[in-house]
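Attaching a single structure in structure tokens format; questions to follow.
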Amino acid sequence: MNAATSVFSHIDYLVAVALFLSGAWILLTSNNLVKKIIGLNVMETSVFAFIVTTGMIDDGAPPLLAAGVEGPFASPLPHALVLTGIVVAVSVTSLALVLVLRIKAELGSVELDEIESVGEHDDSAGPGGGSG
Amino acid sequence: MNAWRTGRILTTVLIGALAVPLMYGVLHLPPPGQADAPAHSNVSAKYIEHGAEHGGSENLVTGVLLNYRALDTFGEVLVIFTAWLAVAAVAGTARQTGHESTPPSPIVDYVIRMLAPFIAVFALFVIVNGHVLPGGGFQGGVLLGAMLILLSLAHGGEPVADVVSLRTWIWLRAAGVLVFALVALLGLPLTGYLFGLPTDPTLRHALMIVLELGIGIGGGAVLGGLYFSIAGVERS
Amino acid sequence: MTAELIDLRPALAVVISLACAGAVFAARENARWRAIWSLSAAGVKFALVWSMLPGALGGAVYSFRVGEVLPGVAFGFRVDALGLFFALVSSTLWVLTTVYALAYMRKSHSLSRFFGYFALCISTTVGIAFAENLFTLFVFYELLTVCTYPLIMHNEDLAARRAGRKYLVYTLSGGGLILAGMAMVYASSGTLSLAQAGILDASAGGATLLVIFVLLIAGFGVKAALMPLHAWLPAAMVAPTPVSALLHAVAVVKAGVFGIIRVIYDVFGADLLRQLGYTDWLAVLAGAVIIIASVKALRQRHIKARLAWSTISQLSYIVLAASLLAPLGTLAAIIHIANQAFSKITMFFVAGVIERGTGKTRVDELAGVGRQMPWTMAAFTLASLSFIGVPLTAGFVTKWYLSLGALQGGREVFVGVMVVSGLLNAAYWLPMVYQAFFRPMPADRKAPAGVSPMMVGPVLICAAYIILLGAGASAPAMPFSLAEAAARFAIELKASVE
Amino acid sequence: MTHWPHWLPLVAALPMVGGVLTPLLFRSRPSLAWAWAVSIASVTTLASSALLLTLVGSGPFSYAVGGWLPDYGIELQFDPVSALISPVCIIGLLSLIFSRRYVERSIDPKKVSFFYALVLVNLGGLNGFMMTGDLFNMFVFMEIFSVSAYALVATAREPIAALAAFKYLLMGALSSLLVLFSAGVVFAMTGTLNIADAASRMDVAGPMPAALALAALATGFAVKAALFPVHFWLPDAHAAAPAPVSAILSALVVKAGVVGMLRTLELFAGAEQLLQPLLTSLVWLGALGALGGALMALVQRDIKLMLAYSTVANIGYIFIGLGLATASAATGAMAHTLNHAVIKSALFLAAGAIIHRTGLRHIDDLRGLARRMPVTSFAMAFALVSLSGVPPMAGFVGKWQIAVGALQAGRPAVLAVMIIAGLIVLAFSVRVINALYFRPPSRISVASATEVPLSMLLPIAILTAGCLGLGMTGQPVLEFVAPVIKNLYGAVP
């Protein structure tokens, strides 16, 4: 199995990994907090895509044992995992969005560098500023 | 600004460097789609082989979710509720004053009001038929949530949030977890193990339906609740 | 010949004064209860330690094993001759120091904290003396640092804080070195017990043995004020006089020197060290410290500073004697623990009395003090003679046996060091005595006020001890015979000492 | 009743369901919500001690959830590593008791029941995470305690808390993704998610994908445990959170990352040549963490930031122990996981009490507090001294075993790093003790401070006593943990 065919046969995994890395790039380099959340979601989708493809079978039927359906069935486990993963992604993203709302309301901006610069001014008071 | 510029270049280089081992590692995995790959020969083969009579549903994914790996799904339902709990605990005290949602044009208002019942029926269909067709509690819940959000977009959050009292909303949101906990406890006398579904098909089928409904309604209510909190509608 | 007896007394000695310290802390502000508890702590400990003397003289070794705290590391007490000797010296002096401190500190602030930690110190010192293995010794060594720190900081002014910080930096880094050495000893020998005379052997490799030796000697050397690590001692003079007396005569420095003796004779063992030859370098260092510290003492203006530098040189007597690895040298090292303690504590008490009575703290302000306070200055003179090494005083006994040890070990140069240090001692003590007795009293000097007998009493008792230790060395029930037993065990003394 | 195996899933499920019920039943009655939370936590603690008795009595046991054996369903296992559940419950219970007075002032009354619900869910998630033997189930429980942890950090009123929680959320989500990704790779390689089963099938899959899965899993858990290079989210999060939450985070949630790393070592025990580079990097990252954390703690002025950086340092110690892979170092690391949890929770609760009373966070402002708040100051001083590893206290046990392990593994440089880091910890402890005891008060709120009520004092006192108790009973803890080492490193002596 020379390199070319192995790359071609693993194309689904490679795409998933590429998506993962691009999501990571967005998350790490973007200055806007909402963009970071978007980057996080891109990474999550890529991991879910990767897991589903591990359960795939060439020209296999979806794991529904309805009467009269034969042939190799796709593995049901990855589907269950991804279902759970999606729910996790929803909850984390919703919490992140609410935090961004609160940061916007209390620190005045969602741009990281603006927040940091604001942070420096009252840094002398330090975290909490002794307000208990 | 150049500190930020170098930061970006540095991250790009880091990500590029990370790509090589990742891609190389993934390449050595057994190619997807091969029938003899370990992914299909081990646990999955057993699921497919005994799925129908043990798992209790033609849709093997629902069988895995509700029967084989019930603890995962219990964890899941809990994560959904915790998401709402977290949002409620953290939602800032600052009231979202200012921009009132622009009143929708009558056409949009009328269409949504027409669509709502149909979405609800379809959601119930997806929930109930989860063990035959692709579907189940989570998918149904998302549909219900989408309906709630659609309605509150059209009519502004308050009317939708006030359709029932806040107490009831919270009980609805906890429906998923409480139903699952009850069924899990029920599993103890029936099968001698927590989270165990009984082997008798009809009782198991009934319990699975109850679970699906709990997850669906719970999920829908939570998604609605998330929107209400973010929109600052709910007076928690 | 040594019979291992399981006995509760060693543990009792340590625990009782812990309890009394608790009681002192509890006796918040009323002085009477505080005095009662402090004195009872010192008194009970004194009785317990002395009750073990007859048994020890008969060769018995009392041990009490608390339990194995970590695999291979136990927490236990074992009272052998050397340990009992050190405990004897410190518990005896403790009673005197407590009496002295009760009088000296009457008008000072936060006294319940002072006397609470004071009692804690003695329990940790006795804990060090009775430690069965290096781990227990290290536990009490660190706790001693923790207990003496509040005493040094007692005045809570800037100087006290700076001295306290310097003291902590030195002693805690010393503790760190000991921890490292202890870990290496355990890793290469599998045990930390001090019961066998030497647990390390040559199989551990020259490099590791050298590193262990340097770590342990430097770790204990900090508290033994070996020259490069001594800077905290003069700085700690800002503490009240009873604390200086406690620090420099009884507890802290003696713990350091005691640790060094344990390392040389019980961790390495005399014959292994003769093979390796590390102690020759240690002896040279100690000799140098004796001379340099004495020269520095000459140049000090304050009485307590001069006492501090003289302590540094006297401690190196013990280190020098221990590192000769000759039987008589070991005997000199052990007996000098007592001689130096009693002589130095007398001087500190005298310095305290002079300060309380006439408010003078500098060396050149002593003119005519002898006439005002004849008895106190007489004791001071006696202590000075002991340091110079005049026969019939305690100091002479040490110098005599140290010189014999040096000859026995074939190192004549150290006899020379003894002579030179004797001369230097004379050079910085005698002028003070001369000024006190033979110079006329300046006109403005008023009568010495408020020197209570509770302060002068301990001074005279200590001075009497100097004579007792010097003249009555060979008397049967004297601690000297105990030191002999300790030396014999430490180095398997062949020839018996007349 | 004590040998009833069903306690195992209940120890995880009970606090979760209790947490979910809290807002339902007690949304408008905060004190009742507190009573409910404390009773749920104590029942869970009793259940966990029953499990501990079974473990001590009849050795490790596993529980098939829903009756499905491992090749079908999820298998829960209770071995000495998951025995960490009982200290988790105890410290959780004590933090809950402490938080009654603290929360009245620092959280707005309408949200108090949500706060207690989140704490209970967090405890449930931690218990579940430590007992599961299934890789994906670990991910799910990890999500549960992580989401509740992000929210708990954000319950504090200060604006900084929202930003700290956001950074913690991003890093936590990243680490969960890595764990999920490696679960996918392991499934693709071995077809199963059960750790023991996957470990036996690991060599069939070839070295490269196994290396990928190991790297992803180890990085994921390193981020969750705040190991050195990926620790920067911890100080802000732990300092900004309310005090009982900081105690739970620093003592328990961070230790979940350590347990995760132990499970990773179990999963890849077969592949030595893969483990070796990971172990050496763990040692060096741990050493850098220990030194870096201690130094950063030394320069902090805010007392909670100082304690947070010292958590990073102690996590460094634990990973040094795990990385050295000698028997004494690994047992020392696990013992230190327990001891540090007790010490750090005592410290954070004491700091919380001080902030609750005086409203001051800077060490220099806390001068002369000992006279006004004697018990809290003594607890703070005692716990700081045991943090620095002075012998009779709990901190010494782990550090001594790891130091000896370092020497046995022939790495004296690691010993030197540990001694230096220990001295730095002593330095900043002395700085705090100096301020508390030996300086006159410089602030009115300090001069007028009074001791905190009993409900806050009791947990601090119990945990401080634990600092000494665990120091004395080092031996039984080490023997209790020893059997796990065999299946961690396999061939290593």
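Here the chain labels run A, B, C and D in written order, and each chain numbers its own residues starting at 1.
Criterion: a residue touches a chain if its C-beta (ideal position, glycine included) is under 8 Å from a C-beta of that chain, and two chains touch if they have at least 3 such contacts.
Treat the numbers as computed from the prediction; the structure is a model and nothing was measured.
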{"item": "Greatest separation from chain D - chain, by CA centre", "value": "C"}
{"item": "Pair with more cross-chain C-beta pairs in contact, given A-D and A-B", "value": "A-B"}
{"item": "For chain B paired with chain D, centre-to-centre distance based on mean C-alpha positions, whole Å", "value": "30"}
{"item": "Centroid spacing, where centroids are CA-atom means, of chain A and chain B in whole angstrom", "value": "16"}
{"item": "Rounded Å distance, chain B centre to chain C centre (Cα mean)", "value": "74"}
{"item": "In chain D, residues with contacts to at least two other chains", "value": "136, 140, 143, 147, 150-151, 154, 162, 165, 187-188, 193"}
{"item": "Sites on chain A at which at least two other chains make contact", "value": "20, 24, 54, 77-78, 84, 88, 91-92, 95, 99, 102, 106"}
{"item": "Per-residue overlap in chain C, given as positions that touch at least 2 other chains", "value": "none"}
{"item": "Each pair of chains that touches, named by its two labels", "value": "A-B, A-D, B-D, C-D"}
{"item": "Touching residues on chain A, where the partner in the complex is chain B", "value": "6-7, 9-10, 12-14, 16-18, 20-21, 24-25, 28-29, 31, 53-58, 60, 62-66, 72-73, 75-80, 83-84, 86-88, 90-92, 94-95, 97-99, 101-102, 105-106, 113"}
{"item": "Touch list for chain D against partner chain B, complex", "value": "6, 9-10, 13, 16-17, 19-21, 23-24, 27, 63-68, 71-74, 76, 108, 110-111, 114-115, 117-118, 121, 124, 128, 132, 136-137, 140-141, 143-144, 147-148, 150-152, 154-155, 162, 165, 185, 187-193, 201, 204-206, 208-209, 211-212, 215"}
{"item": "Contact footprint of chain D on chain A as seen in their complex", "value": "20, 24, 27, 33, 36, 40, 43-44, 47, 50-51, 54, 77-78, 81, 84-85, 88, 91-92, 95-96, 99-100, 102-103, 106-107, 115, 119, 126-132"}
{"item": "In the complex, chain D residues that touch chain A", "value": "105-106, 136, 140, 143, 147, 150-151, 154, 156-160, 162-166, 169-170, 173-174, 176-177, 180-181, 183-184, 187-188, 193, 236, 239-240, 301-302, 304-305, 355-356, 359-362, 365"}
{"item": "Chain A partner contacts - residues on chain B that touch it in the complex", "value": "4, 7-8, 11-12, 15, 18-19, 22-23, 26-27, 29, 31-35, 39-40, 43-44, 47-48, 51-52, 58-61, 63-65, 69, 72-73, 75-76, 79-80, 82-83, 86-87, 90-92, 94, 96, 132-134, 136, 138, 219, 223, 226, 229-230"}
